[in-house]
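By written order: A, B and C. Residues from 1 in each chain.
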């Protein structure tokens, strides 16, 4: 695609202060401690595409999601939607205009809907906040449309969230995200709290909606199979860094970074091809004191001296010295 | 492949568990029957509310009021255990049936070193002295893949990572050399890369020790990797049970078919997922006849009135009227 | 495209559903609670409707007759022959009427002070929990200090300060207000603590994030989203505190720093009554005290039940 990317994330960083309280630091003579949750992440998302971030716990993928939607201010770096960055807009009105275009779907459908609000009010809230349509009747109409769009009944508006199952609640959450006519939706593990059969319903719904409304998704997940099913492009994260960005199909047919390979190898195999699995070693290190150099080096089968000292930059979609030096044949 | 022995390690017959509430008596398990042979891993899959965890709790006699076992029996190596008094049942748990839960922290006491917990468990169930028990604990930790067990054994649970903690729990479950282990979602709280290690560990231990395992999980991938046979549960009943390869590749029961089709795969074309309409009924609203009939595209009149019993189809058993007439002569 | 779940049928009316709810069931199955609630309702209604029920107006000096003084309960007065159900006091004031009007004052002060501490406590608790950081530390330390003083001491302090500030001519009229502020200020910290705790839990739920995503400012988020979800425990404390506030008011009035004799509350009545205890006129003390005890007890029992019923851990 030659046009400017719809979503542009540049060198995003986020540091959390995880120091002990002041008194403890003084008494125990402990230094301040920082956690680099996200450490220089850059990617683009084209309009209408699904970009997935995949990684294990502590990889920083959810932190990226929260920074992209503006729930968490980045320590450094920028997020721009259609060329407009959150950092650039000072006027409240402008900011609101940008917010309208970005919405989010959360992991836990049991916590993402206010339990004391009726569904109709929940979905109407963004419509009122962004003044999408005016007048009670029009708002009501729109809520009904949205509920139908996500496969629920317009009459469901008068119920409370607890009257719905997890999958139905996630539909409500999707309806709320669409209520502001958002174009870009950040989905943070949208199906990992759901059962497989319900997950299939939600994933299919999300794909249908993407086709119908031309939505752009940033899809966060730890589940490689789900990511494969949804994403056009995929970024693999490890300890706050992107280690590989690749075309959706290619990542699975031709994984390049050793971590990606390990991850793919570790996924339980439903097809039961009986593949050998010996590549999985060790566990994710403590992100407060990550290994120096390439953070993956203690677990990497291809490690050599340079990996322990120098952090590999992302070159041609892979952040790995071994791959860049051509010491690994692209399988 | 497993060879069926005369006496299965675990035999569950018509197990029924009910929860009595003010409004109604809810049937969480409805006449569930299955066997687990020696050295076999039986996977139990189902969605939340299907009754898979209740099955585990019922076998080890840990159903708390208002729940109760309302019928059926559980036999461990041929002897009934569901009617044992509390005290006798406590001895069976731990000694003859080991348990591994989803959250390793529920099985480990955070205030004690793991050496104390392991040694205590070993000494309760065997007549080893303290030194022998410690040696055995170290051997066990080594066996479950904890590096430098002589040193790590005196650590506290919080000093281990999630995956290592789950290994400790497995060691704890193995202490008394039980004939049967119930693993309830043992890998759900773990990351993919660690999950693979734990799966491999459980598989290896079963093979080496000949222990039988009931592996309860919602993750079909884990079952496919680990189990010999699998039982697919729906609304407190077994929908289909049989060798894992057959059930995964060519499921018979319409629910099992839907379930397999709904799982996104790492192989093949990323096509649209099969979706089963609706959701599993709440326990308070299980329809008459086959519990799956409102969601089943092949349901016919009989499905709405008569509950299908498990019918043998080859090596498998399936609870579906579709397989009744044509296969009547095979039924045992 | 996908399944359309049928809307659940609404066969029952709203009231029927309420009657069938778990909360109503737990209420119905506790006779003590039902009795306590009925008693509390009765006392509150009687207090509210005092002018309609009371046979005499105890505050109309014109209607008082000194010769009615010290009538024994249910017996005709030796001089005037009038019958006072619960007897009369030295001025010939009907005790029954005085109690009705007195509980009115007591409940008014109690309810108003609960409302006062509720507004302060919930407000500060919400801000502390939601904003966090130094604001939170400051508010919670103040609350800690406040909690370390006995409530009655705080109330006395406030009362004393108010006495000094308000010109003597206005003092009598302002007493009620001062009492409300005094009792209210001595109780807010409890609400602040509870609300802060629940707010910390609620603000981390993602529905709050969803509200922030559409650009809502902190205050709307706190009031529209967080507040309704932290209200449950607050309601319980408020109920129990109502009983405490009534007693606290009675204590202050008994100590002589509460309601003036021209507008006696139950506490004021008890203060007067105790002068006659040893001279044989027991009814002047007994009946107001009894009503105070019953009022506090019944409200407290109801509050206790509410706390248990709303606590999922105890169910």
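Quick note on the criterion: a contact is a pair of C-beta atoms (placed from the backbone, for glycine too) under 8 Å apart; a residue touches a chain by one contact, two chains touch by 3 or more.
This is a predicted model, so every value here is computed, not measured.
Asks: Two chains share more C-beta contact pairs than any other pair here; which two are they?
Replies: The largest set of C-beta contacts joins the chains A-B.
Asks: By CA centroid distance, what chain is farthest from subunit C?
Replies: Using the mean of the C-alpha atoms as each chain's centre, the farthest one from subunit C is B.
Asks: Mind having a look at which chain is the central one, using mean CA positions?
Replies: Closest to the centre of all protein C-alpha atoms: chain A.
Asks: Just give me the whole-number Å value for how far the CA centre of subunit A lies from that of subunit C.
Replies: 50
Asks: So how far apart, in whole Å, are subunit A and subunit B when each is placed at the average of its C-alpha atoms?
Replies: A distance of 33 Å separates the two centres.
Asks: With chain centres defined as C-alpha means, what is the inter-centre distance between subunit B and subunit C in Å?
Replies: Distance between chain centres, rounded to whole Å: 54 Å.
Asks: Two-or-more-chain contact residues of subunit C, please, as numbers and ranges.
Replies: 2-3, 5, in rising order.
Asks: Touching two or more other chains, which residues of subunit A qualify?
Replies: Answer for subunit A, listing residues that touch two or more other chains: 168, 201, 204.
Asks: Of all residues in subunit B, which are in touch with two or more distinct other chains?
Replies: Expected reply: 275.
Asks: Sort out for me which residues of subunit A touch subunit B in the complex.
Replies: Residue list for subunit A touching subunit B: 56-57, 165, 167-168, 195-201, 203-204, 207, 222-226, 228-229, 248, 252, 262-273, 277, 280, 283-284.
Asks: Which bits of subunit A are touching subunit C when the two form their complex?
Replies: 66, 69-71, 95-96, 99, 102-104, 106-108, 111-117, 125-126, 129-130, 151-153, 155-156, 159, 163, 168, 173, 176, 180, 201, 204-205, 208
Asks: If you look only at subunit B, which of its residues touch subunit A in the complex?
Replies: 47-48, 161-164, 191-197, 199-200, 218-222, 224-225, 244-245, 248-249, 258-259, 261-267, 270, 272-276, 279-280
Asks: Any idea which subunit C residues touch subunit A in the complex?
Replies: 1-8, 205-207, 209-216, 225, 228-229
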